[in-house]
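What follows are several structures.
Two complexes are shown next, each including subunit A; its partner changes from subunit B in the first to subunit C in the second.
On to the complex of A and B.
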């Protein structure tokens, strides 16, 4: 059951949520009628049918988008979404962190191996971008694992549900939420808004089916991160009976995604060096959560 | 100092090297000098008198005089004078000393005169081709009278040499068609560790040959309509500027009501142009909410102009002698209602911008254009005013009804992208105030002066207009067959674009798009799409319908 739910969340709900944000959040703030809800699906299917132009014949370049997508799909199956995750085993937390790292490394590889001055000039900025959310996520999960004294994702969620309101977990939740907000402005597939700066190292180098894979992975990533925040750090509703627990989870994820979309739409795209202080603040906050957890708070 | 006094002082200082000095109208001085002394006189004008270089015009006068005429235009803004420095060059030896070494702002203008009429500026520091296409033959100069309009020479092989990249840098191309500019312009940024070390520009890809058309196939009264199409957003400034020059040459005084109508329409155009620009600036920095909201605010103004003139933009109201359409007194209220609504929303925007930290982060301290550089390279309009240069044609060289309304020079000395945003924000409110002043003051009466006789050949006149992007300047030398012998039009981007390479040097690559965008550049206002079949070499030009179907 949870296998089907997680797969649906990753492959269906993720693009749909992007459609909701584009039509309702962005459309409303822009005073316009947004694109159809199904637009992300149309975009993906269109890209899948397009010619695959390559700027590089390197092995990394050819397979990295697939690696990113596969890693994200695996991470999705390791994420509890209302129910225990389909892959719910002792130590799955470590595997989850590895999957995030694998996706990040593959993304960096795309921008590094791309032949083209835009990608080259900005691979550094791209790498910095990847060292914002992932470390915060890992530190927060580590703090939760310390508190729950378990390396298993579901144990973290249930421990939090039973011991609501511990200081370290509240701080961790705030840090993770801020990290997600920082991430959302960098959603690289936001085509109408990302076309103008000289940036987006990996995106400029990808096209057609490869771009579609990368985009789907990015959409899934958003849902996975929101799910971790919702399931582990805001764990209310876990104990409800099926399907209520899953519905509550989806609702929480929706609220988070809409909030992120709202932050995105009322801000210009910032250069990574301009938000450095923000990243530093968030990482310090996450470390504080870890320290508090070690101190037993 | 009046124009006459300036002419007399030049004659006194340079003696026999100033061959002739005429000041037929207040604020206009035409001086003919010996070609060998242009450098000295130009240096005197710039360094001692503080004149601002405007443009160079090359004219083929072999038919009349057996000579080429090279004219450097300067403006002495504090004394409200436009000055033309004519120098005649022998047709058999078309060379003239280059003034670019003493007046750096003349760099493009002299190269263009060389490309178009073939007078070589000797000692020019960068003598590469500027305007002509890379495959245009070497010895064919389009603005010479014996080259017919529409000449299509066979392709030649004489590509413009590219400037080599400095050691240790990579070249980041911005263009030839860059998404944030959406026009053909090719900047080559020489980049070292995300920092721009130097830059080179190649443009003029869509040169439309409008000046040639004006001097060879159109008549005086047809030119305003093609002039208005020089810019797709602020076209009225060009038709106004041309008409003013033509009226001056013909000695016509246009009715006062026509002057007021021009003033009001020019200010309405400025408001919509600034609204459009602010939206695009928002888009460039990834803030599409600004784009969507400013364009929503702009739309009622476009509809208003359509009700008043029949067109959303490119109004087509100017003719030599006045305007074609009156502003109906019944529609005064309509105008006030629309601009008051914009004023209300604009003030809300005005209050919100300085409080937006994220927006400030992208604008403040980026795209620095120091005042010295702006003065040295003769930047114009909001670009110059954002760097503390107090120039505004509406005040410095009043035209239409601007001497009867209060115009503020909106000047900021921040020298950055933010300062240029603030200048335009202030100017929009100022434009609204100008319309509020002009509308009730507008006298009744005719809107078009009667023109009885033909315009005699050999007269000249020049005029400036403050466009939303800066100073527009037109010069007219009347000719036979009811058309000018030479019509020179300079758009403000021509002056401002030359400032870009020195300005972006030292800045982060990421700030380049918004820094160029902050000038509100306008490269050719022409887009066309051709499909070239690589196998057969066949070219198909896409029509509007094709593009709509494909979009």
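On to the complex of A and C.
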């Protein structure tokens, strides 16, 4: 059951939530109707049918988008979404972080192996973004693992549900929420993607189905990260009976995604050094959460 | 933490692969070897059979997803936003 739920969340709810944010949040702020709710599905369908233009015969260039999507799918199967994750018994938070790292490395590979100068220029931004942002999630999850005395995601969630209000977990939740927007590459932290000024960043050389793979992976990433925050750090509703616990989880994820969309719409992009200082603050906050967890608070 | 989970600890393995790839790229060596190296290193970290099977399934699903539209593949020269000139042509003397 949880296998089907996680796949549905990753493959259907993720694009649908992007449509909701585009139509209602962005549309409301910009005072316009916005695209249809199903627009992300239309975009993906269109890209899947378009000719796949390849500028490089590199193995990495051609198969890295597949690795990105596969890593995100595996991460989705490791994420508790109202129920224990489908492969909860076989993989823990370390494997989850590993999958996210694999996706990030494959993205960097795309930009490094592309022939074009735009992609090459953006590989550095992607690397810096990954090494700055990902540690926050790792530190927050480690703090939760210390408290729960287990590395399994479901154990972290259930421990937090039973021991709500722990100071370290509150601080970790704040740090993770602050990092969440940067983790999914939205404004004001979208420097690695930088849609407007450096031609779609590391994915400038992708087209057609490979771009569809990458876009679906990006949409899934948003839902996965929001699910981690919702399940592990805002764990209310986990103990409800079957359909209710999943519905509560979807509701929490919807609220988080809409909040992220709102921040994305009303903020301009920050300069690189502003982003760095922001993340110094967030990493210190995450480390404080880890320190508090070690102190038993 | 179980013994099986311990096998998933080398999170840095693909990062090392990436750094090696960058070094090879700097040295203008083939990306193909670097890619192979990365895949081998990543596979080594995913040694737990169930996880390996799940990841293989995910790779297959991602591959099938890309083939759903039946798009044709065409190799094209890279567009560099204009014509490429030799260094001698554009250097001011």
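Keep this in mind: the second predicted complex is superposed on the first by the 274 of 297 C-alpha atoms of A that agree within 3 Å, B and C clash if a C-alpha of one lies under 4 Å from a C-alpha of the other, contacts with A are read in each partner's own complex, and residues count from 1 in each chain.
The rule is simple: a contact is a pair of C-beta atoms (placed from the backbone, for glycine too) under 8 Å apart; a residue touches a chain by one contact, two chains touch by 3 or more.
Here the structure is a predicted model, which is why all the values come from computation and not from measurement.
Measured by the number of subunit A residues touched, the leading partner among subunit B and subunit C is C. Contacts of A:267 after superposition: subunit B is touched, whereas subunit C is not reached. When the two structures are aligned on the shared chain, A:216 is found in touch with subunit C, with no touch to subunit B. Once the two complexes are laid over each other on the shared chain, residue contacts for A:74 go to subunit C alone; subunit B is not touched.
In the superposition on chain A, contact of A:30 is made with subunit B only, not with subunit C. Of the two partner chains placed around the shared chain by superposition, neither subunit B nor subunit C is touched by A:3.
In the superposition on chain A, the residues of subunit A touched by subunit B in one structure and by subunit C in the other are 117. For subunit A in complex with subunit C, the touching residues are 45, 47-61, 65-67, 69-71, 73-74, 77, 87, 90-92, 94-95, 97-98, 101-102, 105, 108-109, 112-113, 115-117, 151, 205, 208-210, 212-213, 216. Subunit C meets subunit A in the complex at residues 1, 4-5, 8-9, 11, 14-15, 17-18, 21-22, 25, 31-32, 34-36, 38, 42, 45, 48, 50-51, 54-55, 58-59, 61-63, 65-80. By the touch rule above, subunit A contacts subunit B in their complex via residues 26, 29-32, 117-118, 120-122, 124-125, 192-199, 265-271, 274.
Interface of subunit B with subunit A (complex): residues 170-174, 179-180, 191, 194, 282-290, 292-293, 296, 358-359, 361-362, 508-510, 512-513.
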